[in-house]
């Protein structure tokens, strides 16, 4: 929309406006699952509760996801400067960190299931798995998008003068990150302080 | 209403942070995360939860403001995002309050 | 016209057929998509109507069972789902699609392919829902789908949870599309306070969808996880709270009511002024009242749960909020009435339906206020009184207005007028049939007849039988009336009187272009200097407010889209090409939906993979006007004049 | 913005006419429906105690106000339509273009808001007063099953089904929850208890307790039914409330507290045997209790049958308690009421009873008075 962008009523690109609109609605999506989790945080039906969380482990994977936001924004920064080579490097780093986070989540789920917290154990279990699972699904889609961007930047479908494409995927990625910022605190750290005492 | 009719200038060409700024923000984020995790290892008493919430909000604002450029972008985006956020906070708080505080089970 | 495929080299060519079946499958033209919505809605409306006939037959007499309980429960559930999600909502979407770009002076919506995607998801989700009849029975947990009844496998509510969720995706995509279109693609000079009220209401509706759809989506996911995958969200045995589902459902469900009625309020705010030959009374008040309704509409959801497990504080709070939403609604009604006041009313069919809307909606609104009287709500709740109320809002309200819109914009779409004689027959039988069907339900409800019951009990029989009989008679009249309407539609499309470009002496921008509009809507995008721009190009007001006709040709300098150089302009306008990909991608949704419903991993995998492949095709396929971010790639830079380029 | 006030009709002219029209319309309406209590036993417009009367009085006022508003709006619509229609001799000129009137807007914002505030005050008061626990309440526990209501009288240890007896003139406090045949809240769904003449409805939630107050001023029979859609046989889940004066109520309590007698009659004795043992087939006693005085009463998954014959109807209060009906019910329960025993374990199974067994069981059931 290079020519078009300056002719829109708000002077903003359609796609960026659309992305922000979408992200606005995503708060309502995660909010509902988070509220459900809060409602059920102690409803364990005799099964495992929040004591099952491994805070040091989750802290590390949370940190990795947080730092992936840095590499993401650096990728965008490189793209704005037309430097596709550095952009690709940072994109790969971001996708890699996302994959580490996702791997951590899969590992964590496996451990929990082995310790007796299956999907249908209790409302606590279901709401935990669905909330963090949907977040994981968002991360997964993000990784797909990043890899797509990487590939297209090699084939020439994404050009050095099109940083908007990186920016859009970045917006989505950062959003997924801030959702985790909230989840990490509200799902893991705060119950660890309050429910266990 | 007409305030949202921002012409193009503000949108794209504001102050743009550099790679160095981003790294600095990331360092701050790392320190804040370390502080958060410390609540697991050390006893903060009644301060623990408020501290975690404040830290969470700061981290949120840093990522949104800098990495997502909300500080430098048009206000329309901020409005869209904060409207969604505010709706989520208010509606789900009321729902939880109704479920926790004012149903029959809570009354007995 | 759409555009220059041949001139551009590339591995992928986009399809560009202009007629035939393929042209409809691949279209990205907002007008064609709008029409597809319209005709699909008519089909679903027929199904919903048949279901209502079955319901009325069953209840015509006490202790009668034409249908078994099992079938009856499926029928009333599907009636609700159909009318809400497959008729009223997409009916409004048809208008949004067709009219938003025309009324704001744009060539298409912001994301034409996403627009096609929305339609195909809607169609296939509807087919998915109806396929349940062949696959072990339709959902029978009622349209609200309360847990834990709906998590029971015999309720077949998996179809509901998954089908409605898919419809939600369609609505969400459409709402983002319309929000961006309205915010970003208005013609030069069209400030917010110059937008037609219909556009305002479309914007508010889209925002309501934007924030409400994710909520129902979570509720339906939870329902699906509980029902199909052994989740415990609403399972009382392990401490799950069924009331949570009700909160989430109505957090969406109440805004949904306004999602259904606001588009109609927009339509009425366009038709009444035209046929009263006066501007809308209190434009600003109507707009702000509409926005206020949308906003407050999010804060009243629990009034659907007054007999649920809520304590007195919550009951009081939601009662107050509910009462006060009547204030902005009242503002609108008075403004519409005063729009007619002092005008010169022309009673076209469209005008009759508009007035009918104001009248019937007033009844629905007043009975709505009585729901807020919580102590008595406990008597009304889940009775036919409620059924009467929401039919007065959604049938007497939404549908009356939407039909007013059909008569009003039919000449725009086809270039022909609908037959007014048949139209008047349609209106009067519709009005009579409607009131005869739903008016008596107020009484049968107050007298104690609950809704959703397959049998009218003998104890209740003598009290309410007469009212049920009247309802049945009313429905027969409605069916006849609907036939008149259908015949009128089909006949007028073929041989209706030619309308010319401005049959109603209309006020808004869409009448400025040809009827039917060309694929690109405008040869030259108009510049807007007034609210009711088109009217102001025809008339000026003297100091006393009396209109004076503008001499022919005087307004030409503002930019006449029907200029003689249209042919020359044509070459330079680049419309989005047609595309197979939205359709292809949605085809992947079909195995996905069935896979989720029957917990079949292979089907889910096929569906996801298919959808992802579809998405890649979508991304890779070349854009008509070159890549968006890359002006160098655009075949003709001068072409972007006000054009949609995505 | 031009002021159109000059063209407004004087509001004073209408004021007297409109409420009168409203009142008479409503009076007609209500008179038509209050009516004969015996003919309309499930009629919310004919309340029989304060918990139904108070809301009814409030809604009457609100309906009158609504009628006034309705008449006002429609007067305006009809007046406009008649007065401002385009006439045949129209000169084709356009009317004066009025864009709005701020004073009017403020007027019709504030007036409805005031009216609503006026309605809100008694509404909120009544929400609390209706839900408050009465001082001398008689407590009955209500358990909603698919698809019948069970009543338990905790003070007297009485179980009964479908038909509920209450004392006249004394508030009854219902403690309600929902469950299902296996007494497993996991199987429970939401129901709603509604006897329109005695009180508004209140949902029964599985796993939670809800409460409802009821009061009957006069002895008599009050009908109601489940009002929250609860699946297949929702329509067949009815309620009968028998309001008894003190003497009759005490007698009822006493009779219900007595254990069932062991029948002397041979056929009935054979029936009693079958009731406890049907060989390969599931015995009646697996689900239904007939309390003969041993230990405390414990509910089975089906209705308590100890005093079956004291009730006039069975199967969710949809069938008369006649020997023929009972026999048919035992022979082929699904023909009498839609249930889901095969798929969901809900309701009465088809026990494949022979004619001889049917005779014996019916004879036995008839002795449970």
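Lettered A, B, C and D in written order, each chain numbered from 1.
By definition in this document, a contact is a pair of C-beta atoms (placed from the backbone, for glycine too) under 8 Å apart; a residue touches a chain by one contact, two chains touch by 3 or more.
Computed from a predicted structure; not experimentally measured.
J.: Please list the single chain whose C-alpha centre lies closest to the global protein C-alpha centre.
T.: Of the chains present, the most centrally placed is C.
J.: Report which interface contains more C-beta contacts, comparing C-D against B-D.
T.: C-D
J.: State, to the nearest whole Å, the distance from the C-alpha centre of subunit B to the C-alpha centre of subunit C.
T.: 34
J.: From the mean C-alpha coordinate of subunit B to that of subunit D, what's the distance rounded to whole Å?
T.: About 48 Å, centre to centre.
J.: Centroid of subunit A to centroid of subunit C, CA atoms only: how many Å?
T.: Comparing mean C-alpha positions, subunit C is 33 Å from subunit A.
J.: At least two other chains touched by the same residue of subunit D: list those residues.
T.: In subunit D, 208, 210 touch at least two other chains.
J.: Counting only residues that touch at least two other chains, what does the list for subunit A look like?
T.: 9-10, 12, 17, 21, 24-26, 28, 32, 39
J.: For subunit B, jot down the residues that touch at least 2 other chains.
T.: Those would be 4-5, 76, 83-84, 87, 91, 95, 99, 103-105.
J.: Have a look at which chains touch which and call the overall pattern line, ring, star, complete or other.
T.: Other.
J.: Any idea which subunit A residues touch subunit B in the complex?
T.: 5-6, 9-12, 16-17, 20-21, 23-28, 30-32, 34-35, 38-39, 55-56, 59, 62-63, 66-67, 69-70, 72-74, 77, 80, 167, 170-171, 174-175, 177-178, 181-182, 184-186, 189-190, 192-194
J.: In the complex formed with subunit C, which residues of subunit D make contact?
T.: 2, 4, 7, 33, 39-45, 52, 54-56, 58-59, 62-63, 66, 69-70, 73-74, 76-77, 80-81, 84-86, 90, 94-101, 104-105, 108-109, 112-113, 116, 119-120, 123-124, 126-128, 130-131, 184-186, 188-190, 192, 194, 196, 199-203, 205-208, 210, 223-236, 238, 318, 338, 340, 343-344
J.: Where on subunit C is subunit A touching in the complex?
T.: 110-111, 172, 176-177, 179-180, 183-186, 190, 210-215, 217-219, 221-222, 225-226, 229-233, 235, 237-241, 244, 248, 251, 612, 616, 619-620, 627-631, 634, 637, 640, 642-646
J.: Which of the residues in subunit D end up touching subunit B in this complex?
T.: 208-211
J.: Taking the complex as given, what residues does subunit A use to touch subunit C?
T.: 1-4, 7-10, 12-15, 17-18, 21-22, 24-26, 28-29, 32-33, 36, 39-40, 43, 45, 119-123, 125-127, 130, 144, 148, 152, 157, 159, 161-162, 164-165
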